[in-house]
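Have a look at this one.
Order of writing sets the chain letters: A, B, C and D. Residues in each chain are counted from 1.
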């Protein structure tokens, strides 16, 4: 199966590990990730102002491209997923933003949110299936792993429709499928504070420590995430309480496709 | 020649502020057939009615139109007035110029113009009205009460005391309902069981009351005074007439791990059980999903030990059919599921509980024998935090948009009871608003604050999480503009209540209307608060809206008064607006009978004269006016146009359409 | 005589058939909650939406109505058990026939409004008036004698 | 823009109806940046509802909001406090010389591992 893939800025630079392991694992699981042509940075944050149009156009272009090339758009970085998914809902809703974005973009036919935005985790769950992953695992990870969801995948849940915003299970299910033991801890959906990192060093530090110490208290030996920014923040500001890795790195390890 | 009178009501300023009532009355004078037109401040008042009566007599009116409030409000009033003046009451039409005009429009010219059209439309209709006479139907002197909680019990006792037969249908194995689960009641703190169980016993012993426990209403046919109800008596696998309630079966049953619903699943019970010690009837029931005999075919221990020989594994559901004159719906409530409120950690933490669970934990007959112990480790909690409005007043789609009304009071009660019993326990309450309207209610809540040192924090909780064995309750303290985190041992959620889900089915069976929150709708919010819009159906308790025990009991007694008033009548007037066939046009095709939901249409062979001395026998439709409810389905389905509806005839509606469209 | 040259803004004439038990009460609730909708909506009370004969709808268009709406109880909640199901089927047929005759589907509508849905009643009416206003005057089926006021 | 127009503009930008707020404080009860904010999430809603424009424009909290959406997620009335914060921030940064972050400030705080995501988002959020 071939899916249009939107990598995003960070995955091409600082988060290459996330991108590379994800591609290898997908290939091992029978999914081909085809990077879309001429993608532009999504902006890394969804602008909520109701008059923000230009800032959403790169997402609209990627979505429109995917619509013409299989109808699905695979995302990996949490921030890209959040921006693209929310922009897609704007386009679906057909309000002012949708009308103006279409007027500006001049597509052959107006884009109305037809593309299905699929996060890599959703792809693992719904396209591949956790049962199939379990079968493909060569090195079961016999470890206690804490899932760190952060904000971007889950909220606002009405739009993201990713998982239960207060009691998500998808990464825990993923951990089980690669042979690990998921550790549920209360701060797995609490913000790590990274967004204000350039203006405020203290807050991200406090929040990251809180997240990791909560995971540690409940017995986690390591924490996984899908977000390059969360990873950076938890690693740089989390006081080294627990190791933090991308979920795809663990998947690669379990599938035995590491370099 | 028609002589129509028109009466325009000001309704004080309700109509007159936006509709130029004088102009309407003047303009209408020019309408053909109108011989009298006037306006008055309050047409429904004694003087207003007198004005109508006088005009009918003086001007020899053949029909009248009252431009006033909704016919749902005062149609009956004006019909009575007309009748008193010698005019057939069905020669009255109402133009709704209040709810459908003055109240929704702001522009005087626009509203006045619309009012004139509405009055003209009513005139067009009334000109085609025919005098109608209401028929009579007998009244079955027996009432059905659906639901055996405190509402149903009170209604049943009151009706039975007046000398009428009452059946209580209760879906559970015992009557008692939610009140039986409560520990103490506000604002007097008397023991719930102590005031409820004697009433349950009264029901059981009353010669006029028949308790049909473990039963459900399956089918309802008929109409006010003459309901035919089919009731399913679910198989309890224990012969009710033989079981003595000795409980030996409970002792011997090897399958003891069933969740105890009565104790909010906080402990377990055997597969064969009596829900609680004071159950009425005091008869066991087998949970067939849990029972080993039902699952494997082997066991049968209870049968072996039952000296009364009451156990019957072969028992099947049975059905009984009874006739009733009136029906009281008292199906009650349940706390909402907390799936959408995971921020409070209910699913993950055993020590986050609902208020109803706390009732059981505080109750001497509960799982902890009334000692307050944490469900997780059986320790005494030292810090208890209450969160109010969990799922209430929530318009985000996660909860219920309404205020559940009882939570402020029961939370104050819980807080006080804990402080009373365990003075070393710290109690905090997060609240948004405290709502205590009621006699001695606010005083009660203040006592919690002033005498019992309960810490009330104005603000909502954002998150409850577990840290190092403590439940961290993080929320707002809006008065101090702070975010506070309280390390607690037990967290109690004042969970919103919702109508018991089975009410939907009951509402459909009774064709009683239900609102968007699944509460049954009363006929009029102020003037007919215990009557459903469906005649002969009455509403008691939370099925109609959130309310506490005193209010529920008042409403149940009010229902009983209404039922007694109905059953005391020897005959009921029936609605004369029923379907009627034009036999000359009817060809006996049976289409109308096919669509009639009431089976009101039959066919008769009739002889018709053809002229020239010849006759012919034809099959024609015949409507039983006592059974027809006047919906009109048959009139539209009739291919020959023979069927028409009195009071809403095709000609009448056509002329209304014409009057509205006329430019 | 002075000629009126100014073009008056088009306000459609809307006939609403409302079931006595749900929608009529819903309209009453809209009124008592002071939820406005345009004055060109005029309501005819019927015992049940199933009392509405297709000929009433035809009559309305013939007499110059620009839109016709039927309101009944929600499916499953009919005061007369099954009346609204008949309405649903009958009107589906009638409306597609009218559409064939050139009366746009948007000019006809069936809505379920309960007695508790005053807000919905007003929303539905506002929306319907907006839709019909956008379509303009209905000229199909109209008896010209009516429009000319003869 | 007059004062009234600016208030109206903030309200439109936020796309949220502050009148729906029932003042329960759940947003502030949930906010992970609460202690850093001089104006709390519930106050953003309340100040906008009361038209207290100056207090909104002068606050520092617009730079502390994490845009984590916890307040939006949990509001029982469907109000979006974070959207109000963002609307105020947009209004401030769109004024001349009010950018929240200056280009020359960046290099010293950037370490080797900082992901692009953070720089891009900071620019998008704080500058125009």
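Keep this in mind: contacts are C-beta pairs under 8 Å (C-beta built on N, C-alpha and C of every residue); 3 or more make two chains touch, one makes a residue touch a chain.
Fair warning: this is a prediction, and the values are worked out from it, not measured in the lab.
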{"item": "Which of B-D and A-D has more C-beta pairs touching across its chains", "value": "A-D"}
{"item": "Whole-Å gap separating chain B and chain D, where each centre is the average of the chain's CA atoms", "value": "46"}
{"item": "Separation of mean Cα positions, chain D and chain A [Å, integer]", "value": "24"}
{"item": "Averaged-CA centre spacing for the pair chain C and chain B, given as whole angstrom", "value": "30"}
{"item": "Chain B, residues touching no fewer than two other chains", "value": "343, 397, 463"}
{"item": "Shared-contact residues (touching 2 or more other chains) in chain D", "value": "70"}
{"item": "Residues of chain A engaged with two or more neighbouring chains", "value": "165, 190"}
{"item": "Which chain pairs touch, all of them", "value": "A-B, A-D, B-C, B-D"}
{"item": "Interfacial residue positions of chain B with respect to chain D in the complex", "value": "343, 389, 393-399, 432, 458-463, 474-476, 478, 481, 483"}
{"item": "Of chain C, residues touching chain B in the complex", "value": "13, 15, 20-22, 24-25, 27-28, 30-32, 34-37, 39-40, 42-48, 50-56, 59-60, 63-65, 73, 76-83, 86, 90, 114-117, 122, 146-147, 149"}
{"item": "Interface residues, chain D side, partner chain B - complex", "value": "20, 22-31, 34-35, 40, 42-43, 70, 74-78"}
{"item": "Chain A to chain B touching residues, read off their complex", "value": "158, 164-167, 184, 186-187, 190, 214, 217"}
{"item": "Footprint of chain D on chain A - complex, ascending", "value": "8-10, 13-15, 41, 43-45, 47-51, 55, 77, 79, 151, 154-157, 165, 190-191, 193-200, 202-203, 207, 228-229, 232, 235-236"}
